[in-house]
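Two complexes are shown next, each including subunit A; its partner changes from subunit B in the first to subunit C in the second.
Right, the complex of A and B next:
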């Protein structure tokens, strides 16, 4: 059941499911802000701007329906974060879920971390399918029995009941971030995790909520000297002493926690040299890295900036080994993209299970996949127009020149409000989840 | 005669610049619309705006009424729409405040 060799074009992506309302008027709270599969791919979690988490579970594959893999159905939903008001600074704290990260499963329950701008919470999701009946001191409806009526002792019996899935907050990690949290990452030791805001990165122990270690601090003594901020951070998948963080200047620093308690000095510094003659007002803004992800192998990492995705070999700091253009045609639209703030959109990126393909989102509900082996790429669209079960997705093309071919869409017709910022790839299979504003699309490759 | 030749060489250079770098052409467009962009000293405005992003302005009725009294019949200054401005002196008016949040309901994904 390995994810096959090759990626984007070797597979035929088909529509599987779409979740969410069809309304034209999208409530702000319904905008999906994060999507994440768990380690087995059995569970898929989404977080939204309203602070809610919805977890989907994959149906067991039935032997009769060989043509379709299991569908994802709602498993649990809960309010993770609520809006808060910081009275000291007179600031409102948004309940929007910035990131969800699953913990590896160690017992029957599932655990995940969810973070808004200021607080991280550890949630336990557990199933209850039995109930005790036959208590001595109380009735079935909970009322206390009259003591004089109790004449015999009985042993309560566990009876089956309808499955109930409960979510409870087990830990709340608060008050450690002055600035907005942009990343959380569970360490491979399964004991610690890091959280990063614009200027600082903290290391936590999953059991301890009243303190955390500050491991990176780039706040200048004089804020007027501020030149860059932290944009994303991630723990290495195998080496629990290594993590990386990216910056708004397009650089990535790899740090080793064995070297020092405060990792302000990096072990490795990744930056692609820039051609000074091509520098413009936009250069720094579009070089800002919005996401960084290690490959599953731990040998590579991928970064997303405004126009491209780059794959870096951890052994080579001076340039990426692969660069993929996501939507180069936007380079000649930067002025209007700056005016409508789209140039600050933070796109994420993800690897497939075998690291042979990568995926990232774009505008007009388009998303892009790149096959690292064949160097082929494909553009697909998340749209309800193509949402018949198992309907194959047709590749899309944006036309940049004058002559627009049939089925192509011109750059000026792109809808910049339809952004795909969050995508996720099943850890083992070719199943992907794509968040399009308030809708969640699930696509699978065609089984031959 | 030579003047015309010079002018067309300049035009050619401009055209070349546009052809060579669409980014630079976009920069020229932007600077034409916002002449003060990037000229303010004192750290990166963009970064500081980013750090403050999402922080709602608060409404202080004392400040508001004092400001109103001072201005008497004049209008209170509204927030500058320019990207270069990070206003600290702007007194929020009730019109500026964000709408109250909707009451918490279940996610439509969970239907």
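Right, the complex of A and C next:
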């Protein structure tokens, strides 16, 4: 029984909710481009290609429904980025949100960073549930009162009102990236964060928008010598001086900001030697790392390349400690996947709260979970067919050759337009959010 | 043989992707284009190794005969060299040959292309100014390594190409002319669909259109101009890919001939 991934033998993933239009015709702007839980898991943010951010909030658990936890409902929606035009290069700057990262909550308001290709914005999301009434100088509808009519002085009183959630941009960090931003990561000091583009990584202070420190620069003096680009970067969860960045060559560099102002020389270099027997025209593309994530413990990190997920021990640089094949059956299809551009898809990966399981997406709206302890893995599907409340998800299987069993799907029948690139796991519970094109699926466990 | 067909197909697909990336919204994606150029290079290596193994082993001697004739007539234009086909198959230390290739390229550039170099240099300066202004915007409070794009440096990616080309030892000079001559002869013989492609490239930017137009004529001085302008043009442009220099040395086929303008088509950062 393969359903035990993520929490033990009696574990079952069940459908909880789906957000987004059912329409077959998907507008490009509605395609979800990033998903992120906040530190408590109470809020879930999504960004889309249209530059919008939608935040869902979990409702308080009701006592009546013991078997399912609170549902996520829309909390706030706002337009984070607009399309821009770079007049110098005659290029349009897409409004697509590449990454959202939450800041830890320090007061009643919530803060998040959202980034498109060129600009990062700090948004404050705050609630307003009271309104002052009884102003002296203006009427209830805002018009100024005639001064001659004011004969008494009163103190305005705070009256309850319908909850209003406001999002306001507090900082705009712009003009620091020549190339496309692929990552942002909040530092554990909660004062700084890094942003990475194809060739450079900058360190910002959250309060200062007109300056940033360049900490990594791999742009060669002669661009003709360019052989690799930065594909992802992340700050260490506990050590505020440490960060990692991955490259298109399948390598990861760990840098220590105490060592030098410009961290071009790494402290650690992680690379697995290539298997020469599996070389093909596309070896370089499929070894390019699309995502890197530290474990919550800070002891491990996980990287995603096109066909696999690898877990690295930070103390061992010459090879990963664990390798999980996501969809090895695609290895023989690389040429077709190159033609239809699927080989360039950037899949993300995530840890569960206890670092015992990892999850990543695949095609045909499949996503995969691997239990690191039991070494079991499971393939599940995010589809409208399995969308009945609390319906258990059935494990899926891809038939790689020979006779196709019932319920299996053959590789050629996979829908490569239905790809799951972005997934997120609640930091504390077994609740996952899976973005399937323009729909957001939320699944949770059902404890037997 | 099937590898050659596959390699050719992959090369044309890759070039199509590079071209399409120019009209994509949001600007050219450096990462994707780098990966595509790597695939293009791998495919080209296979294609070339197949070509050379075919060319030198058997009945392609006639064709080579013609090419060498042309070579003789144009030999004065190029530094003296030995141009035997059997040299192509000799095994060699890739680094050394690649270095000498590069040295040759640059030397040839200097010797032959003085007038055109003037044009290219001014373009180069223009581009450098643009680049430096962009960079000053990007980096406000940190030191950046000075951008020196005048020295051709050894590119690790070229070693792979050099390997498949099997360039000769001591003075890699021999490598340049045969390929050049073949390229020209190929150009002369097959000019069918190339104008279309050149036109497309020409519409991209002024530098490339200059180059594309020059490809239309088939005399040697223009070919040298192409090498000259493409080489320094590449030096000046951000985002230029390594194989663009290599493409000057590859001249076997219609597809490969068109790689020269196409490779600079990658450049648009």
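Structure notes:
Convention: the second predicted complex is superposed on the first by the 436 of 448 C-alpha atoms of A that agree within 3 Å, B and C clash if a C-alpha of one lies under 4 Å from a C-alpha of the other, contacts with A are read in each partner's own complex, and residues count from 1 in each chain.
Here is the rule we go by: a residue touches a chain if its C-beta (ideal position, glycine included) is under 8 Å from a C-beta of that chain, and two chains touch if they have at least 3 such contacts.
Predicted model only: the values in this text are computed from it and were never measured.
Model built by superposing both complexes on subunit A: subunit B and subunit C clash. Residue contacts after overlaying the shared chain place A:217 against subunit C, while subunit B stays out of touching range.
In the superposition on chain A, A:430 makes contact with neither subunit B nor subunit C.
Applying the stated contact rule after C-alpha superposition, one finds that A:54 touches subunit B and leaves subunit C untouched.
Of the two partner chains placed by the overlay, only subunit C lies in contact with A:176; subunit B stays clear of it.
Residue contacts after overlaying the shared chain place A:88 against subunit C, while subunit B stays out of touching range. By the touch criterion stated above, A:331 is placed in contact with subunit B alone, subunit C being left untouched.
After overlaying the two complexes on the shared chain, residue contacts for A:251 are found with neither subunit B nor subunit C. In the superposed model, A:187 lies in contact with neither subunit B nor subunit C. When the two structures are aligned on the shared chain, A:114 is found in touch with neither subunit B nor subunit C. Stretch 199-207 is the one among 109-117, 127-135, 199-207 or 217-225 where subunit C clashes with subunit B after the superposition on chain A. Within subunit A, the residues touched by subunit B in the first complex and by subunit C in the second are 91-92, 94, 117, 179-180, 198-199, 223-229, 248, 281-282, 285, 335, 338-339, 344. Contacts from subunit C toward subunit A in the complex involve residues 6-7, 10, 13, 17, 25-27, 29-32, 34-35, 38-39, 42-43, 46, 130, 134-135, 137-149, 151-153, 155-157, 234-235, 237-242, 244-245, 269. Subunit B makes touch with subunit A in their complex at residues 21-27, 29-31, 33, 37-38, 42-44, 46-48, 50-51, 53-56, 58, 101-102, 104, 106-111. Subunit A contributes residues 86, 88-89, 91-94, 96, 117, 175-180, 182, 198-200, 210-214, 217, 221-229, 231, 248, 261-262, 281-282, 284-285, 288, 335, 338-339, 341, 344 to its touches with subunit C in the complex. The touching residues of subunit A, counted against subunit B in their complex, run 19-21, 27, 29-30, 32, 46, 48, 50-52, 54, 74, 77, 79, 82-83, 90-92, 94, 117, 179-180, 198-199, 223-229, 248, 278, 280-283, 285, 331-335, 338-339, 344, 438, 440.
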